[in-house]
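Some structures to go through are shown next.
In the two complexes below, chain A is the common chain; its partner is chain B in one and chain C in the other.
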Partner chain A sequence: MNGRRARDVVLWSVVAVNLVALAAPTLIILGASFTAGNIITFPPDGFSFKWYEKVFASETLRDAFWRSLQASLVCTAASIPAGTLAALALARRRPRFPRTLQLYLLLPFTVPLIGSGMGLMMLFGELGILGQVWPVGLACCIINLPFMIWAVQASVNALDPDLENAAATCGAAPTHAFFTITLPAVTPGIITGALLMFVLAFNEFLVSLLLTDANTVTLPVSIYNSIRNVITPDLAAVSVVYILVAGLAIALLDRMVGLEIFLKSKQS
Partner chain B sequence: MIRVLDFLESLRATLWPRAARRFEAAAFLLPALLLVGVLVLGLAWMADASLRLLDTETFELSEHWTLANYRDLLENDTAWIVLGRSVLGAAVVTAVTLALAFPYAWVMVRTGSAWLRKLLLVSLFLPFFIGQVVRAYGWLIVLGKEGLVNQLLGALGMGPFKMIYTYGSVLFGLVQYMLPFAVLLIAPAVTAIDEEVELASETLGAPWWRTFLEVTLPLARPGLVAAAMVVFTLALTDYAMPVILGGGTNDFVANMVYDAFFRTSDSGMGSAVAIALVAAATLLAGVLLTWLGAGTLGFRGEAKR
Partner chain C sequence: MKAADAPLPVDAAAAMVEVRGVGKSFGGVPAVDQVSFTVAKGRFLTILGPSGSGKTTLLRMIAGFIEPGEGELFIHGRPVSAVPPHRRSIGMVFQRLALFPHLTAAQNVAYPLRMRGFAAGEIPGRVEAMLKVVQLGGLGARRIHELSGGQQQRVAIARALVYQPDLVLLDEPLAALDRKLREEMQLEFRRIQQELGVTTINVTHDQREALVMSDEVLVMDRGRVQQLASPDAAYRAPANVFVAGFIGVTNFLEAVALEGGRVRLAGRECGCGAGPAPLPAAGTVLDCALRAEHVRIAPAGTAADEAPLDVQLAGVVRQVAFEGDRTLYEVGVADLGNAVLRVIDRSPEAHLGLRPGAVVRIGWRARDLIPFPR
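Take a look at the complex of A and B:
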């Protein structure tokens, strides 16, 4: 038993280091956003909402927020059908050349973001669609698409194929079987994937930076542009938007599918 | 409900007769294939630009193809320094991240307390969902020249220390950024390990650290390989941390690409650097994927019964 205690002490020390590193930026930003002073100090100079008021009053930030929201919605809307259908095809319909297909569909992950971003920037520039918000959403959908396919596939693999076969044997037409058996069964995967796609698009920085101009900056780019100057608490107040969105997404994810789904073994 | 389905079914029967069933897989895959196709097209465009030389008088790329950009790149000493810094940085970040992430994943999977597991999961997802810029900004507040750490040390009569805009701060930011990716890739592999195997090793008298190093670690290899690959390539090609926490003094390869495009307006050279990086990263990923298998990364077909 002594060995176990030693093990727990060592492992828990590592976990504690992790927890501090993971939580520090979030907690500090939360704390800094409520300061009454003009610079960020420790201990904080009193408590106030004045930086929130300033942020809400800023038209630039509000516009950037709406653009980010639009881009994320475009990304999510495009990735749900594309990712769901692809996952169903990969898991159930035995496409030809499965290995090549797998490598091809993983390209958005194996190609570095700076490469994808620059390539899309040049292509979109040539097509004359730069300077709008929807191409940013489309780009976010492309670069994160494997997440959507993964999420749905996990659900498809958990669905017993005999259920679908039974539906077919009992005379259900393919469309009936799809909408009453397959789709409900993969819904948790679609929810997980859609939330991931939304949140990742909402905070995507590099691709936004490359695909936007001064009139179409999204929120992460807007924050980045302001970081360059002096560090003031207004940025902390904006950043709290991200903490709220992240918290909401996690709560939804946990409520609807359970965070534990990410611990599931892929081998069994 | 049934009527809607009947309508959809008759629609399908007309538009998509049974004879077309063998094309179903292709039809289902089409949207995803097209989306990734846009990316491939963009890369092809960039590859084309990388083969054209910038005319410094007209600021246009040449009509004919040449390898001059790649030759210049190979002869550029700064490029080699940046590459060395990125590769070394990515290697250090990968080692540190895996060392931190593995125990975290193990505790998260093995703990008997559902409450604790939830806490560890939420701590992981919160930063993952907050994004790089906001996290980097948080570190600026903590580590900056007039940041919280220096204020605290100043109160004790020490410092101020220069912690920001150094190589160390970039690597630190990268490790923190990579932790959630690594843990989430390792955890499923730990779940797959039968706890009995670890218990057997303990019962046979192995000290805990030997069980950990010689039983758990090798069995978790699929997850570790996937995590190492993802962390290494993401760190190697990162843009945000070097630019925000490095402040231009510790550029990585991606910053070089950006500067070529937007500072010197040489899209030919920028494309060449980007293509070289894409080729290297894809090759590395391809070799690892074929050699070691997709690990926990692959899209798995057929469910096992």
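Take a look at the complex of A and C:
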């Protein structure tokens, strides 16, 4: 009885510490963003919305925000067909060297971001497309594509391998079966992957740093540029906007596919 | 509907399905080997065989998912090697059902109607009627994952039958169900099949299912047809040792053929029944099949069984397995070289006292001993 109690106490203490540790940075930044003072402190020095006003008034940050949004949308739009088709091909067509192919698709993770960033910078420079926003989105798509593939693959693997055969016995020609059965059936995975790609692109820093200039900075790069001067509470306010965007994405995910499907797909 | 999508023209005189010398190898190993049979319209054929005997491979060749390595398949008398699966007019119930997870039960059943160009106006009515046939009326709006295993089974059956295909294929769709539900669904499917008169090929490794559901049973082993017969004939007159051993609980006894339709069994002469072939010349070694339920058992020293037994021997009970409606004994018989005979007793209450070690009398009628030349 006593041992069990002691175990409960330990268990719950660990959970509590974890919860605090997870939430602490968010809570601190949330508090700091509402400060009335002029420097970033915790606990905040009074309460005001003035830093939010400043953030929303700042043309630099606003432009950077829209550019980030643009790049994220480009990234998401590109990754949906690329990731979905790659995942379907990997799971269904049984390629000759599945393990090699899997490893190859993991390459973006093994190469340090700074390496892929420089590679993309040189490639995009060669192609003469630097200095625009959409290549940043494309770059985010390239380096994060494995996440998209994983998300869709988890969905595909949960499907009955005879699904297309079943559609065929129902009279559906192969392309028709793909669009009416396979694609809708893996949609939860596609949505999961797409939102993940969106959030990752929205937060992407290192590669964007290399691919952007003064006219095309994205939000994370813009924040970084400001930090180099002095950390002011408006940066805390921007961070909160970030958290809201991510929270929105998760809420959307929950509405569209249900978080438990997302979590399950991560397990398998 | 494009001309290319039109269903195959019907040749009513021909067998619904004809399989002619069909074979398929994987990596040089034959999975299906020289299989030929026909199924007439409206009949229910079950392909019965142990795991790995090539049942699924055969069924998938009929459906068109696998191309035969040799031989030809005919549906309605027309060769179908050039016809892709979606134009074969076949309904199929898959082992894992393969229901469309993003659609409701009714949408699953409507899908083949939509794909096959039925008028949009008549689809809901047909779906509703079909759901009634499988006793799912009122559950059409449910998602697949909101249905129980047995209900999902019924959706899969409804989806396969709704457009009245020429042929329905079942690949062990009942295997995953618990026994009670499985037996219910067997009778249920048989009822629906007879109601609609649809030609059906079923695959199973469950001998009971094969006997219960079918007009004809095709027994397969290692890719080859062992016997094609009615359930009754497959049970009573097995074509070979494999079929005799696969259907039912069967003892095999070695014997030697004698003159005059008799055999010598462990030193004693006795009569035997009719095998698939006439008895070979005297002196030939035979395997004799003796079904467990054809062996009578009684405690030693009791009065003779009411049925006249042609062979009676003493034995010792080794094992007793009480199965409710019957009891399975394993009896060691000294006169048969200490062979262990399996005996099924249908009136368990009569012999409740029999425990391992009990001395018993066993016997059988001559006609139940079926000889197979080696």
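The working rule: the second predicted complex is superposed on the first by the 248 of 268 C-alpha atoms of A that agree within 3 Å, B and C clash if a C-alpha of one lies under 4 Å from a C-alpha of the other, contacts with A are read in each partner's own complex, and residues count from 1 in each chain.
Here, a residue touches a chain if its C-beta (ideal position, glycine included) is under 8 Å from a C-beta of that chain, and two chains touch if they have at least 3 such contacts.
It should be emphasised that the depicted structure is a prediction, and the values quoted were computed from it without experimental measurement.
Once the complexes are laid over each other on chain A, chain B and chain C both fit without any clash.
In the superposed model, A:181 lies in contact with chain C only, and not with chain B. Legend: residue contacts after superposition of the two complexes on their common chain; A:159 is shown touching both chain B and chain C.
With the two structures brought together on chain A, the opening angle seen from the C-alpha centre of chain A toward chain B and chain C is 90°, to the nearest 10.
By the document's definition of touching, neither partner reaches A:201: not chain B, not chain C. When the two structures are aligned on the shared chain, A:173 is found in touch with chain B and with chain C.
Set against each other, chain B and chain C touch different numbers of residues in chain A, with B touching more.
Residue contacts after overlaying the shared chain place A:103 against chain B, while chain C stays out of touching range. Of the two partner chains placed by superposition, only chain B is touched by A:142; chain C is not.
Superposition on the common chain places the nearest Cα atoms of chain B and chain C 7 Å from each other. Within chain A, the residues touched by chain B in the first complex and by chain C in the second are 159-160, 173-174, 176, 180. The residues of chain C lying in touch with chain A in their complex are 5, 63-65, 84-88, 90-92, 94-102, 111-112, 115-116, 159-160, 163, 169. Residues of chain A touching chain C in their complex: 159-160, 162-163, 165-174, 176-177, 180-181, 184-185, 187.
For chain A in complex with chain B, the touching residues are 3-4, 6-7, 10-12, 14-15, 17-19, 21-26, 28-29, 32, 39-42, 78, 81-83, 85-91, 93-96, 98, 101-116, 118-124, 126, 138, 141-143, 145-146, 149-150, 153, 156-161, 173-176, 179-180, 199, 202-206, 220, 223-224, 227, 231, 235-236, 239, 242-243, 245-247, 249-250, 253-254, 259-260, 262-268. Remark: chain B residues 5, 8-9, 12-13, 24-26, 28-33, 35-36, 38-46, 49, 99-101, 103-104, 106-109, 117-118, 120-142, 144, 146, 148, 151-152, 175-176, 179-180, 184, 187-189, 191-192, 202, 207-209, 212, 230, 233, 236-237, 239-240, 244, 253-254, 257-258, 261, 267, 270-271, 274-275, 277-278, 281-282, 285-286, 289, 294, 296-305 touch chain A in the complex.
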